[in-house]
Amino acid sequence: MSVEEKLSEMGIELPTPPKPVASYVPIVQTGNLVYLSGQLPIKDGRVMAVGSVPNPCSIENAKEGAKLTAINIIAHLKAHLGSLDRVKQVIRLNGFVQSENGFHKQPEVLNGASEFIAEVFGDKGKHTRIAIGVFELPLNAAMQIDAIVEVE
Amino acid sequence: MSVEEKLSEMGIELPTPPKPVASYVPIVQTGNLVYLSGQLPIKDGRVMAVGSVPNPCSIENAKEGAKLTAINIIAHLKAHLGSLDRVKQVIRLNGFVQSENGFHKQPEVLNGASEFIAEVFGDKGKHTRIAIGVFELPLNAAMQIDAIVEVE
Amino acid sequence: MSVEEKLSEMGIELPTPPKPVASYVPIVQTGNLVYLSGQLPIKDGRVMAVGSVPNPCSIENAKEGAKLTAINIIAHLKAHLGSLDRVKQVIRLNGFVQSENGFHKQPEVLNGASEFIAEVFGDKGKHTRIAIGVFELPLNAAMQIDAIVEVE
């Protein structure tokens, strides 16, 4: 089964990838490594997970936001690669979660992205990760996630 | 026109690159990828954009600081490469902006670096980026930016 | 002298590397680059440097925590590579320090890791670095450090 078929089976429709919100590009490839710019939990132009976790953005809402951010990452990969079967290995996710004072469950939030990527890509989706709790993020998004992906 | 001539035309004089403030080196190359350590908005040994954005460091001051940080990145590249024409592609800028509570315009601040890099290097300067709002930075600088650059 | 002999001479015993705290893997290799997930100052399953620096976690305690984090990075490398002599160059440490309001000495804290890595690996341990002061970290750890390493 191709990755696109897997996504379809999971009921996931890839959106038109969101445009960068400033003076940069969404993807650059060097050799067989693809670098993606930081993605936000945006759907139809609207940020779907807003503010600090767990208040006002609940952990559940934030996990959904992380999954949506991963969908945006995959949408950019699809636009760049043509076929998602060209993904050889997801190398890295860098995850930054807007965090309330005293919140330390950034890994749980980011699992919303990591588990989705692992489900979509199988062994090729097993990645390294950093999970950081930050003070503020662009557009008041609850998280920003970027990726490095090996392609063929 | 060489990149050095372009800088000259823009009235930019590259400084002696700032020394690392601790136990590490400014640049390491692996294959044709050059990794730069995080740079600060330092000029003549002095931090020129200080504190959180937008207070006490205004957005305008912070954009200037981001441009100055980009100049320091280029100065390190020049010292390492000899000729800046050896830059094949700027792959990535990682931007961290010291942010006041409720400030979400990190992308606007970092455009001070991104637009400058794009102007200096043209298509070779089109990079991916992350923009993170952080709580504190070394030397109370308003931003820290690091880079990954493909060279030939 | 092998890196393992050097560690032994320094009185350092590598632990069984800590398991990831969520849905990702500790190491992925692409070509001759090894990416490590963010590591915490964990020993025998317990976080040894807790909270913001310098309160409640003193700078001295935090430097020890950064060194312990570097030991965990090396333990993962050993598990992945078999022999640490396969390390060709430590390319990058990304260091995030949980910081109290007004704390700007992240570089001093992270030197606990950088100086240790340089001592263990010699010239091959001379790395680039970023040093960021963040609001919160997983498990309330005082720091998280990840690495990119060139191997042969």
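Brief remarks follow.
All chains are identified by letter, namely A, B and C, in their written order; residue positions are counted from 1 within each chain.
Definition applied: a contact is a pair of C-beta atoms (placed from the backbone, for glycine too) under 8 Å apart; a residue touches a chain by one contact, two chains touch by 3 or more.
No experiment lies behind these values; they were computed from the predicted model shown.
Viewed as a network of touching protein chains, the structure reduces to a complete graph with every chain in contact with every other. Two copies of one sequence, subunit B and subunit C, touch each other mainly through non-matching residues, since under half of the numbers at the interface are common to both. The distance from the centre of subunit B to the centre of subunit C, with each centre set as the mean of the Cα atoms, comes to 25 Å. In subunit B, the residues touching two or more other chains are 31, 132, 134-135.
Residues 20-28, 30-31, 35-38, 94, 96, 132, 134-140, 144, 146 of subunit A are the ones that touch subunit B when the two sit in their complex. For subunit C in complex with subunit B, the touching residues are 31-33, 89, 91-93, 99-108, 110-111, 114-115, 118, 126-135, 148, 150.
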